[in-house]
Structure formats: C-alpha cells, structure tokens
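By written order: A, B, C and D. Residues from 1 in each chain.
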Amino acid sequence: MTETLVRDSLENGLVHLEAKDINVWFSSKHVIENISLQFPENSVTALIGPSGCGKSTFIRTLNRMHELIPGAQLSGEVLFNGNNIYGPAVDPISVRLGIGMVFQKPNPFPTMTIRENVLSGLKLSGRRARDEDSIVESCLTRSSLWTEVRDRLDSSAGALSGGQQQRLCIARSLALNPEVLLMDEPCSALDPSSTRRIEATIRELSESMTIVIVTHNMQQAQRVSDQTAFFLAEENQPGFVVEFGPTDSLFSAPNDPRTEDYVNGRFG
Amino acid sequence: MTTLIDSSNRPWKVRDKSYQAQQLLVHAGTPLAAVAVVALTGIKGMSGLFFTWLFLHLITGALLARFGKRRYSIANSSLQVLMVACITVFVTAALSVLIPVFVKGISAFSSNLLFQDAALVEPGAELTTGGILHALIGSIIIVSIASVISIPVGILAALYVTEVRGKLTPYVRFFVQAMSGVPSIVAGLFVYAAFIVTGILPYSGLSGAIALSILMLPTVARTAEEVLLLVPDDLRTAALALGSTQRRVVRMIVLPSAGAGLVTAAILGVARVAGETAPLLLTAFGSVSINLNPAAEPMSALPLFIFTQMLLGEDNDVARAWFACMVLLTFVTVLFGVARLGLSRRKMG
Amino acid sequence: MTITSDPVATPQVIPIQRTRGDRIFRGVLIAGGLVAFLVLAGIFGYLAKSATPVLQAFGYHFFTDSSWYSGDGLLPSEGSVDPPTFGMLPMIWGSVLIASISVGIALPLGVGIALAIVYLLPKRSVFGFTLFIDLVAAIPSIVFGLWGFFVLMPHGVLWARWLNENLAAIPIFRVEFPAYDQSPFMAGLVLAIMITPIVAVVSRQIFSQVPPDLINAAQALGGSRWTVIRDVVIPFSKSGIIGGAMLGLGRALGETIAVFFVLQMFFDEVNWYRILESSGGSVASLIISKFGEASPLEISALFAAGLALFVVTLLANAGAVALVNSSKGKK
Amino acid sequence: MAKRLLTTLISLGFLASASFASPAYAETTLNAAGSSYANKYVLACQVADGNTKVNYSPGGSGAGRTAFGAGTVNFAMSDSATSSAPTFSGARSGKAANTRFIPVVGGPIAIMYKLPNIKSGDLRLDATVIAKILSGKITKWNDPAIKALQTSAVKSKLPSTKIRVVYRGSKSGTSGNLTNYLRQNVPTIWTKASNETIASGNPAGKMPAGSISAPNSQALVASVKKTTGSFGYADLSDAVSSNVAFAKIKNANGEYLAPTSASAGKFLAAFGGSSGYNSTTGAVTLNYKKKVVGGYNLSLITYAMVDTNALSTFQKSTAVEAFVKYMIDDCSSRAAGLGYSPLTDTLQAKALTAAATISQ
C-alpha cells in the first residue's frame, strides 16, 4: 500500500498530505474538532497554540501513532498522496515508514551505539540495507551530525549532548527515507544553540521533504515555517484551528483577534 | 518488595554541640549503667540486660526530655528509645540466626561432607563418613529445572502487564500477586495430586521442580514487571514511529534495556525457592545417594537433607544438618546479595 | 472510514491492525499472563477434587471436631469396623493463635524498625540496614526451624517460665504442664522474626510516601516528633501498615517447616488460650507431619486442610495487596 | 544483555537435558520405607551388601505400608504383620499385588528416661506402672507406685518433677507392640485395644499433659535425651548408641531384666515354631504374658512387606528377594551388635522359604 502511496505522490500535484475534518476523542472526551489542513510538498508547517489545545494529538493522527493510546477514537480522513491512511486495507506500519516522527524529548536507544541507532529503523521495520555505511553517513550528514560523531560511531548514544541526541533521532528517522517528517516540539528540551542547529537542519531537510512541526516558540515558527496553523481550545471544549495561512501574513496581519492576541504574547 | 525509596525527610535533625554532648552522655551512659546493674544484681542473661537497659533508658530519656538542654515531651524521648529497642531486638534475633549457622557449620566441616553422598551413612555416624553431595547436586538440578520453567513464563507474564496493557492487565497483576501468597506446602500438595497421584510423574526431581516453579513464578514475574516498567515509554513510542512491529520493539528495545534487571529477577526467583522444604517432601521425596535423573527416582535436595537429619536427631546428624544449612544459607545470601545490589544500582543510576 | 458531512462527526474506534507476527506475539504474552490464573485455578480444582471424599463424609464436622484418628482408613459406608474421624478444629485454632501471636509481636516491631529507618538512622547506614532486613527475609524457613529448636527455645523457655511465674494472674500465661517448650508462644516467636521484615519493608515504603509538606505543616503548628508521627504519619499510613501486617499474617498461616520444629501438636484437644503450654496446632504443619503415614482417606483429609489453608491465605493476601496498593496510591 | 540472558537460559536447558539423558546408577537401587525400628538394621545391611543400594525412609510402619500401597517403594518394613491388605492407590491403583510379610529380625523395646543421678538400668518398672504413666494416671516421678518397685538406693533419688512422656506421634509398629503388651498384661488399666497410633489408642483418650510427640524413634530418643524428667520408648538399637538411660522391666516370671539382644532373643525364641507362625501371611503371633526364664517380654519382630506378584512392574523383584534374604541370613550376624535379636534357626529357615517366593 505504501508503494502505491509513494508512486502516486507525483501525480497528485502540490498537496502532499491533507487532513480532512479530523475529530478526536479519548474515550468520550472530545479533544479535537473538525480540523482540516493541507501540507504541500516540501513545505514546513508550524502548529502553534497554547498548551492542551490538541496540537500534539493532531500531529499524532497524521502517522497513526494516535491509535496506540487506549480508548482513542477518530473520524475524518488523512490523505497521503491522495490516499486515505485510515483506509481499511492500509497497514499502519507502512504509514509510519512513509511519515516519520521526531519527539519532544531526545530518545535515542540507550543500549545501541550511534551507528546502530541510525540503522535501528531499518532493523525494527525488518528491512535489510545494501550499504549500511553510506546510509549512516548520508543520514548523519543530512541531520548535520556527521562531522561531530564520525570518529565515534561505535560508542554509546547516551554520551551525546541533548542537541546531538535529537539530531541523531532525526537521522534515525531519515534512514527510512520518509516523505514527511512530523516533529513534536523537537527543541523544547534543548538549549538555544542546539535549537539553532536543529532549525538549520529543518530548513535543509525541507528542500527534499514535507515537514510538520509543533512548537511553542513563535520566533521558531517564524524562522522555519512556510505556513502556520493556530490552535486554540476553550475551557473543556475540543481544540480547533482558529487561523491557518502563510506564516508571514499570519504573524504580521492576522485575521482573527485571538490570533493577534496570541502572537503578540497577550495570552498563552 | 525491594524498592528503595529515598528517605531524605528527617526534619528533626538538630545541630548544637552541647545538646549533642548531652544526648551522647545519655545514650552511651545508659547501656553502661545497665551493664553495671546487671553485674551487681542477680539479673541474668542477655534478655535481662536488654530489659534493664530498656527500663533505664526510658527513665533517663524522660529525665533528659524534662530537664535537659532542650525540653521536649517524654513521649518523644520514649518513642526514640523504643525505636532503638526495636532495632536492637531485630538485629539481635537475626544475628542469633546467622551466627550459629556459620559457627556450627564450620565446626562440623570436614572435606568428605562436600564430596560424598549419604548412601553409607548410618544415623549418628561420625562426621568423617558421607556428606551432602547428593543433596547439593539434587538442589542444583531441581532449582535449574524450576528456573527453566518459571523464568521464561514469569517474564512473559510481566511483558503481558507492561507491553500488552489489555483489559486483562489488572487481573493478571492480581493473580500474579495472589499466587505469590500461595503457601509452599499447598504447591507441594497440588503437584502431588495433579502429577504423582495421577501417575504422570513419580516421586522425582522433576515433580519437585514443578512445585518450586509455582513458587518461583510470581517472584520472577513481579520483579521483572518492576524492571520492565523502568524502560521509558518514549523508547517504545519511538520504535513504533520507526515502523516497528510490537514484537520487534520488545525483542530489540525493551528486553535489551531491561536485561540486567531481568537477570536480577531470575536470581531473586532462584533465591526464593532454593530453601523450600515442604513442597519437596511431597514431590522429590528425598534420597541418600546421588541421582542424576530428574525424571525417574526420588531425589534429595539441601533442605530435604537438613529436614531428615534433624529428625534423626543424634548429635552428628544435627551437625550435618547445620553444615548443610551453612551451605544453603551461603548460596542464598550470595545470590540474594548479587541480585539486590544489582537492582539498587540500576534504580539509582 | 467514511467522510461525514455533519459538522460534528460521530466517534469511531480506529480498528487496530496488527501484523500476523504481532498477533501471534501478543497471543504468546497473553498466554504467559494467564498462566498465573490457570495455576491458581488448577490448584483449587485439584485440591477440591482430592478433598471431596472427606468433605462429603464429614461435612462441617471436619472443621468443628477435635480428633484425628486414621482408623482402618475406610468410611462407615464402606463397611469400616474401626471408623476414622477427622476434625481439625485444634489445628485451625492453633494456626490462628500462632499467627496472632506472631503478628502481635511483628507489627509493633516492624513498624518501630520502619520508623527508625525513616526518621532515626543515619542516612549512610540506611542502605546497609535495609539490605540486612531483606536478607533476613530471604533466610530459608528450614534454617529458622533449626534456629527455633536449638537457639531460641532454650531462651524462650526461660522467658515463658518467667511469664508464667510472674504473670499467672493473666489466663493466657497459665499452664497445666510446666514444660514451656514447643508451645504456641515459641512458634509465634519464630514466625514473628520471619514476618517482621515483611511488615518493616511495607511500612517503610508507606512512611516514605507521607508527603513532606504534611510533616512540615504539622511541625510548623508546633508538633513534636511524637505528635507528628501519631497525628500525621500513622493515620496517613494506617491502611498500608495493616496491609503489611496482613501480608505477614498470610505468610505466618502458610508457614510449615519452621513451625513443625518448634510446636508440639495435639490433635484431640483444642488449646484455646494457654499459649505457654506445649500443645498447639497448625494446619500447614499438620500436612507435613501426617502425610508420610496417611491412608488414602487421610490424605484426602490433608487435602481438605490444604484447601482451607489455600483459600484463607489467598483471601488474606488479596486483602493485603488491595490495602497496600490503595495506600501507595494516595498522595 | 538479552543475549547473555538467553545464553544463561539455554545453558540451563542443556544442563537439564543432559541430566535427563545420563544413565541411572549402575548397581541396583531399591527404595524402601517403613519401621523406624528397623532403620539401623536395614542401613547396616545395605552398607554390608555391596550389590544393592537401599534408600530407606524411616517414617514409621504405617508410612511404609502406605508408601508400599502407593507403589512408590519396592518393599516396606513393618513391625506388625497386619492382616488387612493395604489399599492400593496412586500410581498403583488397579494393579494386582500379592502382599505378604516376611519376618526379618527381632529385638526389645527399651523404656528410656532421663533423671538426674539415676543411671541406666537402675530404674525398675512393670507393665502396670508403664500403663499408668502412659495413660496419665501417674504424673510424678516420686509416685508411690513407682517407688514401690525400686531398690532403696534409687527410691530416695526419685524427684518430685512431672513425668514428660515422649511418644510416637504417627503410626508406629513400636507403639503397636507396646500397646499390645500393655493390653495383654494389664487389661484393666490399658482398657483399649492395641493401636499403632498410641494417642488414639490411649485409654485416657489423649496423651498426658506435656507429652512430646516424635516422628520416628531416632527423634524420640533425641527428645528423651535432652529433656529432664522424660519417659519414652524405642528400639534398643537407637537407645544403645545414644547413651540414653533405659529401665529394667519386670517379666512374666517376676525377674527385672534389662533390654538386650540376648534377653529379647530368649523371649522371641519361644515363638515361631508350629504354634506362632502363620505361613500364609508370614505373621508371628506373640503372647506377651508368656513366662520365659530370662526372657524380656517387651519385644517385637519386624517384617519385610513384599509383593510376590512378579508380574508387577513396580517391583525389582529379583533384587528385593536377594536383599531380603541377605537381611534374614548373612546380615543376622550383625544383629546382636546393633541391639537386635536374630531369628531362631527354625524361624530363619521359614522366613527364607517365604522370601524365595518373591521373584518366582
């Protein structure tokens, strides 16, 4: 199924990934209401908004990580290259191979070396790579880590700094050659200089892949993203998208007063 | 029951030199006074000394509380004295268990005890004939088979709780905990009824091992569950996001991360059952000679050997029992110490 | 998944799809998880099956009579000329008596030790001391049996004599035959040392979870160590401590070998309260002492005793686990 | 780490399978259980007989018969030849067996005590006093009934302490023979029939207050030895080796005799001829009131309990026959030294004939 998804990608024009009318419930609690967003090919989309408005939940619906939480329910569609990833015959594992994910806290596998971490995705998904060395090198290069770790590929990943670990996690995702990379607040646990390096990495990666990033940092959203969606949730109400558009116009001339308040730091 | 919780919370710590000196005087002086009282009066024995000290210390503690540098309630000082008394009683009792085992065990030692079986030993025979080799070998065989049965199953049960997290999870946890309360004699009765009476197995090492595995399983499962829960969920999520199946997550991420802890769980299980006697009496039956075949004939084990020697009751038999106790206790202590240190290092680090 | 045009769609459970390998894998894990249940069910089933002949023949008398006579091993219905009688009241009551004595000693002792660990011992020695406690908990029961018989009993006899001679006004310290050894008191002492570590470890876990804020607040209100422990720590931990004591109770009821060595069992008479008398009972030790010589009918009776023991310890343990868990849960 | 765990498990598995595969012991090993009276004799004979190794579990005659019935032992030792066949159970259920008893060796039951300053052989007792002590009618050592039997030197040494009876808690042939002896000699005091469980067959309905139960005779002797004021009964072989004091018992002739291999042998020699021996069951009926000059009445014969049905797969019948014959014949020279009395020649011949049927 992934194979067809992948092959169809070029024929369907610019929209690479699309969420249509997404609603999410945890058991009976409605947490996301009617969200529809489009993610064009090779674009960077930032999802911003105050805590608890469903950004992380939403991003997890995009590669079917959401359903691993017991009691999670959903309606709507996510179209990847025009095909619904929640279609009846779709294997969730193939979805996750095509749409990679990086998490808030750097989480390299502590029992593996740096090299093994990069290749871990291949092993975990049961694939064999022809030329492991070149995969390691290219992935680490793309995540701008190669020069720092080239001499100690066989040492434990635990010895790396937090920023390096996060870039290693990015490299790990890249090894599977995903078309889309989802990043859930990738810099929130890192210091400013590490954050800068990750942002640079994101810009480079966006030349060849579609990126969706959740962030609390509005400057970061402005620095890295092409388009931005502003999420909001009223007390005990499901989260929804207030405004969605090109990053420049959303920050400089928001249509909605709530967006204006938020981007100017009046709440949140 | 091996969780180590930091006890950083001691809000009563006081730092005041003269106050501390006064405290020291009372706490060190009272035992000395007690010794003096015991020496001068006719009070006899360690227990007499203990109660004299307790009585005196309650009084001196109360005096200190009332007239000392810092005043506090008498109840407060009595509480402190009673805490010390509890520790003293427990440590004394525990040492009176451990020390005689080693003193009597060592004094019974003669090399044949380790390298011969008891086939030619009459009751009351000299310590220079026969030994515990058959029991030692029997224990190793029985406990090994029990481990082969219950370590994998115990780890599977723990993995069910930590990985599957289905509707049955609370019930599985409950049943595993309930199983850890099964009296050992009941495990023996069960194997006797289900295997020996029905003719599936004779009195044998294998029957004994099955009985022990019932006792070992909950220990392994509960410790393994504790260690598996220490593996961060982040790692599981990350692996799933990389397109892994759950089977590979467990095999390549969860088990390697918990590795040392799982070995600890296995060791604790072995230590738990190595000294069990009652179930073996009904299943392995005991023997006086070496038997290497766990499936056929009765087999001895260290606890069984100790039990039968105790019943024989003559001095040399009892000396042999003490020696076997020492071997057993050394074995259990070493296993337990290794496991416990391994576990605590893991939790701290 | 259908697209709904309604503004608010209806929730749908996402069908979790797993690979065949994962389904098999989860199946294996579920099987592993169910083993505990199956074993418990098996134990209950086999014990009940083996106990049936005696329970049918004697009914409730099996639990209320005081006699253990194997006779010719036949039931009256089978033409017995010397009919056996099995009534284990002395054993049941003996188990209760011994377990009560042991918990009565171990509960204050264990709680005192736990309090000392948390509030008294220098921090450096805490790790070593808890290791020591755990080690004592790991000593095999047969070692406690030898210790009880050879080391404790000579001292215990002196204590028992002192209690009898000085406190005979209290009925429980009276004796008919002044031997003082192998009494419920002695068995209770041995079991007390065996279960003190359990009570201490559980209590300590509970004490460590008393929120420091509560303690600080109580001190700020002028509480002394004693009043803080009495009014804050103990009330907070009460159910957990009782749970720990019940875990110990379960262990004490089920202990076989250690009791066997230090208790004189009397089958034909209930020793209701004379804890210093050399006469008592224990369901678990009954099984060991009678098993080797038993006729098939008597073995059935021993299974009935084992069944009763199994059910009672299971209940005690389940209650204890529930109490401890609920106490750990509250913050 | 997982690999290391796996290797551990695998090597444990190998250890287990290796031990499954290894052959059993080369010599014949027999499992036996029963009379703790016979324990020393069986052990001594298996040590002397190089061909057979015997795992003997001395849990009592009753235990032996139960184990035999359950098919877990190859033969049993019993101090009484009860006519009732064992109820077959366990692995043996439904299997036909032809059980018989074969007399192996005899010996005295010693009455033992621990009293300060009263040496072994100084205390004198008779059936009346023994029955009264065991039924709780005499509770103190200085009871007039005991004093009346003593020499003047011992009379004054008897303490005023309570008598601590040590008895066999489980079924035991020693208890069975002792109660049989009391029942035959003093039926007005020992008003109940002979019973292998002495507590149940006690005329008082229970053992006297403060009694100690012992699971076998070795443990009983050890209890007597460490308890001042104790009174117990066991086979001489265990009493002799433990240096415990034993009493002289008045025989039917009025003589006070110490329990010895010889005195018991004299008493037992009066039986086993045409009158006492039952060639079908193998039982020797002892008349405990019989007057035998120099004969110690409180004696017994211990039997091997065997299966003469050679078809049964539970018996290593050839080895059992060889070993039982060895105990009756070659080993009998060791009996006296161990505190047992060998069978008389007539009874020995009959026993050997009976033993020959085991593997036929």
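Methods note: a contact is a pair of C-beta atoms (placed from the backbone, for glycine too) under 8 Å apart; a residue touches a chain by one contact, two chains touch by 3 or more.
Everything quoted here is computed from the prediction, not taken from an experiment.
Located most centrally within the structure is B, per distance between chain CA means and the overall CA mean.
In terms of C-beta pairs in contact, B-C outnumbers the other of B-C and C-D.
Averaged C-alpha coordinates put the centre of chain B at 16 Å from the centre of chain C. Computed centre separation for the pair chain C/chain D is 38 angstrom, with centres defined by C-alpha atoms.
Per-chain Cα centroids separate chain A from chain D by 84 Å.
With centres defined as mean CA coordinates, chain D is found 39 Å away from chain B. Touching of two or more other chains is recorded for residues 93, 111 of chain A.
Of all residues in chain D, those that touch two or more other chains are 1, 57, 89, 215.
Shown for chain B are the residues that touch two or more other chains, namely 197, 245, 256, 259, 310. Put simply, chain A touches chain B in their complex at residues 63, 65, 68, 70, 93-94, 96-97, 100-101, 103, 105, 107, 109-111, 120-121, 123-126, 169, 172-173, 176.
Chain C makes touch with chain B in their complex at residues 18-19, 21-22, 25-26, 28-37, 39-40, 42-43, 46-47, 49-50, 108-109, 112-113, 115-121, 123, 126-127, 130-147, 149-152, 155, 158-159, 193, 196, 198, 200-202, 204-205, 208-210, 212, 215-216, 219, 224-227, 229, 247, 250-251, 253-257, 261, 284, 287-288, 291, 302-303, 306, 309-310, 313-314, 316-318, 320-321.
Chain contact summary for the complex, chain C toward chain D: residues 68-70, 72-73, 176-179, 182, 264-269, 277-279, 289-290, 292-296, 299. Taken in their complex, chain B has these residues touching chain C: 1-12, 45-47, 72-73, 75-76, 78-80, 82-87, 89-91, 93-94, 96-98, 100-101, 153, 155-157, 159-161, 163-164, 166, 168-169, 171-172, 174-187, 189-190, 193-194, 197, 214, 217-218, 221, 245-247, 250, 271-272, 274-278, 281-282, 303, 306-307, 310, 318, 321-322, 325, 328-329, 332-333, 336-337, 340-341, 344. Chain contact summary for the complex, chain D toward chain C: residues 33, 57, 59-60, 62-63, 66-67, 69, 84, 87, 89, 162, 164, 169-171, 197, 199-200, 205-213, 215, 227.
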